[in-house]
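In the two assemblies presented below, chain A is common to both, partnered first by chain B and then by chain C.
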Partner chain A sequence: MWRRSCRLLARFALVSFHDMSVFRTDFVMSLLHNLVYQGIFLIFWKSVLAFTASRLGGWTFPELAVLTSFTLVSAAVAQWFVGLQQLSSKILDGDLDKYLCKPVSPLLALLGESVNALVSFQQLVSAGLLLTAVCLYYRVPLTLGGVAAGLAILALGCATILLIRGCVALSAFWLGDVSRISGLFEISGDFERYPINLFPGWLQGTLTWIVPVGLISTWPVLAFLGKGGPPWAWLAVGAALVLFWSLLFGEIWRRALRRYESFGG
Partner chain B sequence: MADVIRTRGLTKTFRVPVKNEQKGFYRRLRHVLVNPSRPFTAVNDLTFHVAEGEILGFLGANGSGKSTTIKMLTGILTPTAGEIDVLGYVPHRQRREYTQHIGVVFGQKSLLWWNIPVIESFKLYRDIYDVSERDFQERLADFAALLEVTEFLHVPVRKLSLGMRMRAEIVASLLHRPRVIFLDEPTIGLDVISRLTLKRFLQRVNEEMGITLFLTTHNMFDVEDLCRRCVIMSRGSVIYDGGVLDLKASGSYKLIELEVLSIDNAPRFRRLLDRCQVLESGATTYKLQVAGTEAQWVIDELFKSCRFANLHIAPPTLEAIIHRIFEEDRAQEQRNVETVLQAAG
Partner chain C sequence: MVRRLRVYLGVLLTRMKSAAHFRANVIAWVLYSPLQIAIIYLLWKIIYGTTREVGGLRFNEMILYYLVVHFLGRAMLPLQTVNYEVWSEINKGKLDIYLARPLGFGPFVFFRSLGAPTLEICLGVPFFLLFSVLLRLPIQTDPLVLAAFFLSGLLGAVVLFMIQFLIGSLTFWVEKIFGIRDLMVSLFMLFSGQLIPISALPPLVVRLSRLLPFESIFFVPAMIYRGALPHLDAAALMLQQAIWIAVLWAAAAAVWKRGVARYASQGG
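Take a look at the complex of A and B:
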């Protein structure tokens, strides 16, 4: 079934790619949009650092630029799971019916419907361009181990955040409209743009364990740059969080299906 | 023929919110926070079976539990109690294996993808059901020709008319050659021609491919044309399970529509009316319902008592018979309630 579900996801991605690439100039313009948007943050950091003797709590401008690029990578991953944001309304509208009577994973198929493959690709290309430019221009020292650890922590962080979003969305089976709760979670995601080790301890803890935004920006970037101590601790934290949230997600999903009421005939 | 669908004591209970009629601020606030609900039984102790190759008409008024039943049979809903066996599977427990062998069509809800062309939806079905490219092309060619789908294969589903969409839905549901197809009001909102095309196609699919059809509909012509057997639901329970012809025969009365030119023998004509149930009457027109055994006598008396411009004698329609069954069921329920109330003092 997983093979079929993945094939379905791939076809959805293809359809979304075709749909969104109808207008060729859009691709270039979207790239430009991403770069300009990130550029605004880079200007902001440059201006802040002008007042703080070239370092902000240990962060230099090139490191902050790498942090900014990483936010694009996590955004690109999220484009494959945009459906999570619409999941609660789809549950309430009875849209699960379509897949519950087919031999596929209903959840994966429902998420697949909303995949933004092209946007994800554009964001990855933008992130790659920005990261390469920053690393080459500022001669940021990188090691293979650091890069691998950084990307691994980022992957675990993205998985954790998506699983939490999924759990919130699935609570719609019991609570009804949960868009406000999801919205609250999304707002806290804005912290990813800032190095969270600048914040007070309690906030760092919150942004690592409760709303683990730190795992998709600050901690993977520090590992990527070979700073902030051994990356194993963050890999372990990420793995533990992924395990916890996937178990919880699986249990909620099993209970939710039993509770599913579809909608009237 | 072996049974492909069997249910025993099938029950589905939903929770429905209770209206906030509390008095006082704190009680109202508590009601909002707790959001109390009460159970509502949509399907109650349902037991029936469907034989392989059969076309079963599953009938009932709105809210009688038809759609809930079909959703339990297709694995969408989990029953609260009871047993289901379809093709040897328990739908809600063995959903993945089971759904490979069934097709589902909801008249009120598209199972295709709204924004993409019909052919892309079919390709998605091909991937979902793991149909080989060769089989897919062959079946698509056959079904598309029979249901005249070819002309709009490249049009997005959202731009199709209801008739076109239903035809596409039926083709999609057949691409993987299911053994049973569940059709929930497939002819709803269709014009006469589309309905006829669809019915002919379904009949052919049943006869040539031996596919069992489970059909819910409000249209009695669909039932008369397609089904030999039907199950009638009311308030979540079965109130009739038997042949369509038997059901029609059970309406042992005749409807007589009469347009009178002149009444030659008024007392005799009045006596005649007294023996009939007058459903409608105008200045010169009458619609009478008479017991089957009295029909001959009524007609004889009509000839003797009046001259008429028009006389139409017909058996009751299936719709009228089912309406009568519902009325009787409702009256029985009312009597039961009254009995319970009387017993409670």
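Take a look at the complex of A and C:
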């Protein structure tokens, strides 16, 4: 079952890759866009730091540049789960039948169909290029343990956010149109770009436990840079959140499928 | 000419009536705007903890700047999809319908795209005033400055429309325009003053910005609203916006003419 699912996902990814790389100009432009977009935030931080004695609450320019490139990594991961954003509309339109009658996991079929493999690849390449350039040029001191901890927190953070998005999308079974709630979630992603440890404690808590954007930006970056104390606390928070949201997602999915009905065909 | 204008105004009114997302816009103002403004407020509060001025703006002026840009951004948001609409009409072969009609496709799309921003302005003004009061920001009362601000905002919207229309028109040659569009969105964020006021950017970027049309969209109207500019400077900035419109209009007309000559669709 797992092997078959993985093979299917790989095929969907390949199809998406070929589909999007047909347009060469667009491919080059998209790659350029990712670099320019990150470059713009670097200019933003450079401009701000010019007025704040080269530091913003303990953050230096290279560290803020690392934070900027990390946002691209989480965006790249999200490209594999674009289907979650379309889930609520498929539920409301009664299009879920198509996935329920396939001999693979309906969720996997739904996600696989909307994978943006090429965009994800472009974003990962851009993030890698930017991260490498910043670390080499500014001689950012890194340790293997710090890098591993940072990436692990990032992975847990991405999983948590995707599970929350999944739960919000599944709530469409009961609440109807939930695009506004999803939209609100998108906006809270604006906090990703800024070091949230500079904000008041209540906001830091909200952005770690309730809308955990801190787990895909500030906290993994601090662990990556070997700053902000031992990373175990954030790893534990991430693991606890993933566990909680996975259980909740599983339960909602089970109940939702029992509730689902559609007409037509 | 008058008859044509009446037709275009009819298109605008129809679009306003069919803007079914009216309720959604209220929700967006109630839910999203406070959050976005809060992010900006908190970030700049931290930044101003170590400095008194950024790019010639004090803390209150900076927050006012972002509030004006946020208001303009919401009003102009529907214009950002013009490139997609043009791409869609050309790519799906629907352009035939418009080419066969006794009206210009460009003005038609322009008036059609003004419907949602008109509603957004009506809805946004009370929220703008409310946020100004809550954040204790000065409310501009000088009728001359307000008139200049609205005129400048309108000119900015036309500049944005022209850029979006030009990007959409590239469909005649490149078929897929989304990479170019995204790249322009990035440049637009920086050079329009949406991310940070142009005056706070490094000198090289400021010089580069002077050569581009983007600052006409947000930066110029926001600086005019602040009311600190001498009337002559404000007039010069609006003249600059008008010149950009003329340049972009000429470019769009030339691209459109060549593009339509290349256009071919099957079926019907």
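Criterion: the second predicted complex is superposed on the first by the 263 of 265 C-alpha atoms of A that agree within 3 Å, B and C clash if a C-alpha of one lies under 4 Å from a C-alpha of the other, contacts with A are read in each partner's own complex, and residues count from 1 in each chain.
Going forward, contacts are C-beta pairs under 8 Å (C-beta built on N, C-alpha and C of every residue); 3 or more make two chains touch, one makes a residue touch a chain.
As the structure is a prediction and not an experimental result, all values here were calculated from the model.
Colleague: For A:Met29, is the partner it touches chain B (first), chain C (second), both, or none of the two (neither)?
Modeller: In the superposition, A:Met29 contacts chain C only.
Colleague: Return first, second, both or neither, reflecting whether A:Ala148 touches chain B, chain C, both chains, or no partner chain.
Modeller: Neither: A:Ala148 stays clear of chain B and chain C.
Colleague: In the overlay, answer first, second, both or neither for which of chain B and chain C A:Ile210 touches.
Modeller: neither
Colleague: Name the chain, either chain B or chain C, that contacts more residues of chain A.
Modeller: C
Colleague: If you stack the two complexes on chain A, which partner ends up touching A:Ala133: first (chain B), second (chain C), both, or neither?
Modeller: neither
Colleague: Does chain B (first) or chain C (second) touch A:Glu113, or do both, or does neither?
Modeller: Touch partner of A:Glu113: chain B, not chain C.
Colleague: So, does A:Leu243 touch the first partner chain B, the second partner chain C, both, or neither?
Modeller: neither
Colleague: Both chain B and chain C contact which residues of chain A?
Modeller: none
Colleague: Under the stated contact criterion, what part of chain B meets chain A in this complex?
Modeller: 14, 62, 66-68, 71, 74-78, 95-97, 99-100, 102, 104, 106, 108-109, 111, 113, 115-116, 120, 123-124, 127-130, 184-185
Colleague: Residues of chain A touching chain C in their complex?
Modeller: Going by the criterion above, the answer is residues 23, 25-30, 32-33, 36-37, 40-41, 43-44, 46-48, 50-53, 56-57, 180, 183-184, 187-188, 190-191, 194, 198-200, 203.
Colleague: Could you please specify the touching residues of chain A with respect to chain B in the complex?
Modeller: 1, 4, 7-8, 11-12, 15, 19, 94, 96-98, 100-104, 109, 113, 257-258, 260-262, 264-265
Colleague: Would you mind writing out the residues of chain C in touch with chain A in their complex?
Modeller: On the chain C side, the touching residues are 24, 27-28, 31-32, 35-36, 39, 42-43, 46-47, 50-51, 53-55, 174-180, 182-183, 185-187, 189-190, 195-196, 200-202, 205.
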